[in-house]
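Next, two complexes with chain A in common: one pairs it with chain B, the other with chain C.
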Partner chain A sequence: MSVDHFWTAFAFGPFMNALLIGLSVASIWLIAALGLAIVYGTMGVINMAHGEFVMLGAYSAFVLERYLGVPFLACIPCAFVIVAAIGAVIELGLVRYLYRRPLDTLLATWGLSLVLIQTVRLILGPEPKNIASPEFLNSSVQFWVFSLSLFRLFVIAVTLATFAGTWWLMHRTRVGLMVRAVMQNKEIASAHGIDTGRVYTLTFAYGAGLAGLAGAMFGAIKNVFPDMGSGYIVEAFLVVVVGGVGSLIGSLVSAVGLGEIYSVFAYFTNGTFAKFWLFLLVVVFLRFRPQGLFAESLGRR
Partner chain B sequence: MLELRDVTSYYGSTPIIQGLSLDLAKGDLLSVIGRNGVGKTTLARTILGLTTRVTGSIRINGQEVAQLPTHRRAAAGIGYIPQGRGILPKFSVRENILLGTFARKDGNAEVPAKVLDLFPYLADNLDKSAGILSGGQAQQLAIARALATDPSLLILDEPTEGIQPNIVEQIQQLVISLNRQLGITVILIEQNVEFAKNAATRFVIMDKGAIAAKGPVEDLSDDLIEQHLTI
Partner chain C sequence: MDGKRRTFLKTSTAIATTAGAGSLGGFPYFFVKDAGAQSTPWVKKGDKIKVGVLFSLTGALAVVETDSNQVVQFAIDKINKAGGIAGMQVEPVIIDAKSDIKVFSEKISQLILKDRVIATFGGYTSASRRAMAPVVMARDHLLYYPTCYEGRECTQNIVNTGPLANQHSQDLIPFMVKSFGKKTYFVGSNYIWPKESNKNAKVWLEKVGGELLGEEYVELGGSDFSSIFNKIRQTKPDFIFSTVVGDSDIALHKQFKQEGFKVDKMPIAALTTGEIETRAMGAEFGAGHFLSAPYFQTLDTPTNKKFVEEYLASKYGKGGVTHYNMEETYLSVWAFKYAFEKALAKAGSVEAITPRMIRDVTPGIRIEDDVSPEGLVYFDETCHLYMKPKIGQCQANGQFKIVKAADAHIAPDPFVIYPERGVCKFDGLHTKDGKVLKNVL
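And then the complex of A and B:
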């Protein structure tokens, strides 16, 4: 590659469009990160199998659409429910026994991710599958200098709705009060009648469900294959760590920030180089602010 | 209403309380006194199920709870005001009080009116962040939160510790009136022997994880205090 082809000169229209693509990238990273953020923030569990929950969501959507004829838009909430149920079973059967042992949880969930990948590979085969999304989502919209596929707008809308719904659930309902109480002080919460075990099961299931919902959309954007989860997990972790553990707003701000940084660098150079700069900036940022942007929970455990 | 039989309670594999038995009738106010590190706080945490492991029997209103998880003991009627108050600093005053309602049996999900009547300062500042309350206000909040569980037994762990002196008396009066006026059975863990004596109907002196002396408060003589509490 010659240097001439490496740099792209600034041009107003395409640059504005790159900013819009940045939002689209941010929405994908945010919806992938949301479940991770909630599970880590509430339970202190770093779920290495989160990417595989994304994968399971994608396969749920694929199987439902291909073999049962469920329309794509209905597959998305179904993927949430299916993966949430799988998450609940995993919490009750595995994660439950590893609280207060973060290193063991890390290894166990990583092992779990390998099991899930191989299980899916054995049952459904290693070759990539496609989820057919409805025609109207595959068109693209143009206005002023912007041009974006309707599907990417759809992902932004679903992400915003999911984020708003999660915020409402956490801050405006009794279940959310329970979760936030357990987040701050597990002992005090249980001494006032909150069943912390049940809160953990529900939280883990909800986080898994969000990953499943994300997977159903990701599967339609690209395609579905057994180790697709690893393609999302790194960015999801970046969003959570930069945003600050336990802060939903932090995750939102950091996803938008990181998505835009990536997209702007990708505009001037290319995607690979942009990732390099993104990772470098995150490392430097964490050197000076290891607790992330919104440090709600440092020193909690 | 509370009955402990041969209770041994462990942190990890170390027994902190050994072979302890205790009876408490409805309406009693039991003062638990003793030097630092003799197991007073552990006794409270044992009744709540916050230690690693327990053997023996703990009955509340006839219900065996020794092996139940903490949240079910709270629902069985224990209100807990921990040492250091345990206020959740990121919650508002209202959210802290609402936390207590999860242990209620009547399903009331509002801040109970009874609690608001008792604590006018809290009633006026429901939306204030609990993290910025003074020690005395935070102690009121911890008591309000425990009362919101509608308890038949209140366990207070050093409620006057670290409170500004002009508020201490107020807290002491409150503890006494909760017992005498509202008829709530109270276990009061206290370093301040004078307060412990004034408030109590019965007392327990703890030493080395066991009960060294107990009885009605009239039997709490200066000799006993001398023997077990002076250093």
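And then the complex of A and C:
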């Protein structure tokens, strides 16, 4: 490999490792996107404050760990609960009143994101914070040609578990059945005695909670600062849109696909160029398949 | 500036002067700006000396620029307490630039035209400097740009107190090659300063026979280094040379450790990772890596000890550390003080002093050991500082141990890797065909 060359030569081991990194990137994008996918899919609300829920999750973990001494692994579920609670309050106090005005939700949630960023900055200061992760996660594992940090494997595992849990919740429980019913047709679901308002509150809270959980992990692998949410939101939207609105499986497939495309391009060229190609491919893809990979149940809302 | 615009300015000045400059207080300031600029003194006798302080207190740059803002106030307080400049108190006009380059250019206009400051301290990124520079130049005003930058500019309205790209890496690259080996990998943030710094670093790398295995840039704020580390694992450099800034820098160091790299086998040599960053990432991620900077909190001089003690005890020192960017900003206020005094000796009266005069007397000004925490620095004719860069290694407590200090002062040279463009001197860029270009950006 030479600097004068734009391309990296193919080498089997590092290329296989790039594929593994693709999975790791996909897991980060997927966990960031999951909450967005559920909220968007169920309620048709494009939540511009989703990135800030990620940020709130990271700060929850930071505060719990730093000031209350909660161990990092316990901070993750706690962040889920805390941000879910914040999400529920926001749904009841703001989003609830805007369901019939999708453009207004866009604006309101964007405004909300600014409010959240500035609130955190005023209370906790603008400087980046640091979440300490357990020592055993701060190392890497080698097997065959692969080499990956344990923390990234941990993120992959948590993402898969969360995804499986969410799928089970949506497809194997009564609550999930109600959510899917509301997703397909709000009025008919309502006519069957489903309290759609409550379903919306629960869904929004759950989506926010997932973002919080993601944030707690991102805080340890990267860092925690008030604007951090914007760094995840673009990829999260890409995953949701490419996957197809309302489809969990779609989000999974598109996250893995996009993550791998990114990582392979980044391996042969560089990260900046890879992002360029990724966005270009997504634009072309959406030109021919605007509904995304798996378009389920686009009923009336 | 083309001829047409100049004529317009003159005409408007004449009209405004006829209308009676100074008595136009009722008009919005942009109607009277040129009238005021010509006829009233920048500093009135017995009044305060007004200076602009334009840093971001909110937004992505607030982390570093809040410190810059605080240290300027700290220096001004200190100077005022000791009697001010030439017996006059200094009054800072503090504005939040909100990490937005539009705000930088808008607010520096306001500082010059409405607040009528005589000089402005501001900026931390090349983007913000480039946003302010055209305004400062058009008004023939004065900007103190107090941090490291890439060079390749020859301006007659900016005084720089940070190291240029050519001063930074001159010692660092040979030191790393000697201590760890010839092979290196460059990682930087994707904007002008890292790219220009890397061009400079390559020159030094070539001189000591080093080998560059790869060069990668991550977008500003980007925080995923897994692909880059994969290539680093593949190419096996002896050390990494980093010009990654801000939040990304913290992510870089964290992931270095999480990816299982060992700091004693392949350390990161950075131009950016100072005390503030190591504290934000957690010292265990910073320990063992190297930084080249003219200043470290641990510098063992009486002046620095006093500076650290006083700063941390003051109301501005809540951050708990001092760092190179802060110290360079601190120096800029002293540079202003000395230049103002020198200009006063020359002009005879404070009312005759203009921003242009202050800039023009700046070359040759020395900030001595007993004032400058990093030790003696002095200005060359282009208003950049001669300084001694030092190399520090981060310790387990997040502070740096100085492992090498330059023996002699290193000359600043903004065009060192662009000799074909000319030589930067006091009055502008002297090109090969004998022209002198003013304010080359």
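What we mean here is this: the second predicted complex is superposed on the first by the 292 of 301 C-alpha atoms of A that agree within 3 Å, B and C clash if a C-alpha of one lies under 4 Å from a C-alpha of the other, contacts with A are read in each partner's own complex, and residues count from 1 in each chain.
Basically, contacts are C-beta pairs under 8 Å (C-beta built on N, C-alpha and C of every residue); 3 or more make two chains touch, one makes a residue touch a chain.
Remember, it's a predicted structure, so these values are computed and weren't measured experimentally.
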Fit or clash between chain C and chain B when superposed on chain A: fit
Chain B versus chain C as contact partner of A:150, first or second or both or neither: second
Touching partner for A:222 - first (chain B), second (chain C), both, neither: second
Which superposed partner A:11 touches (first chain B, second chain C, both, neither): second
Partner chain(s) touched by A:176 [first = chain B, second = chain C, both, neither]: neither
First (chain B), second (chain C), both or neither touched by A:231: second
Apex chain A: angle to the C-alpha centres of chain B and chain C, given in degrees as a multiple of 10: 140
More chain A residues in contact [chain B versus chain C]: C
Contacts of A:190 with chain B and chain C, given as first, second, both or neither: first
Superposition-derived minimum Cα distance between chain C and chain B (Å): 39
Residues of chain A contacting chain B in one complex and chain C in the other: none
Of all residues in chain C, those that touch chain A in their complex: 58-60, 62-63, 66, 190, 212-219, 221-224, 226-228, 230-231, 233-235, 247, 250-251, 254-255, 257-260, 276, 280-282, 319
Partner chain B, residues of chain A touching it in the complex: 174, 177-178, 180-181, 184-185, 187-197, 296
Chain B residues within the chain A interface of the complex: 48, 50, 69-71, 74-75, 80, 82, 86, 88-91, 95, 98-100, 102-104, 109, 145-146, 149
Touching residues (chain side chain A, partner chain C) in the complex: 1, 3, 8, 11, 13-14, 17-18, 21, 24-25, 28, 118, 121, 126-130, 132, 137-142, 147-152, 221-223, 225, 227-228, 230-231, 263, 266-267, 270-272, 274-275
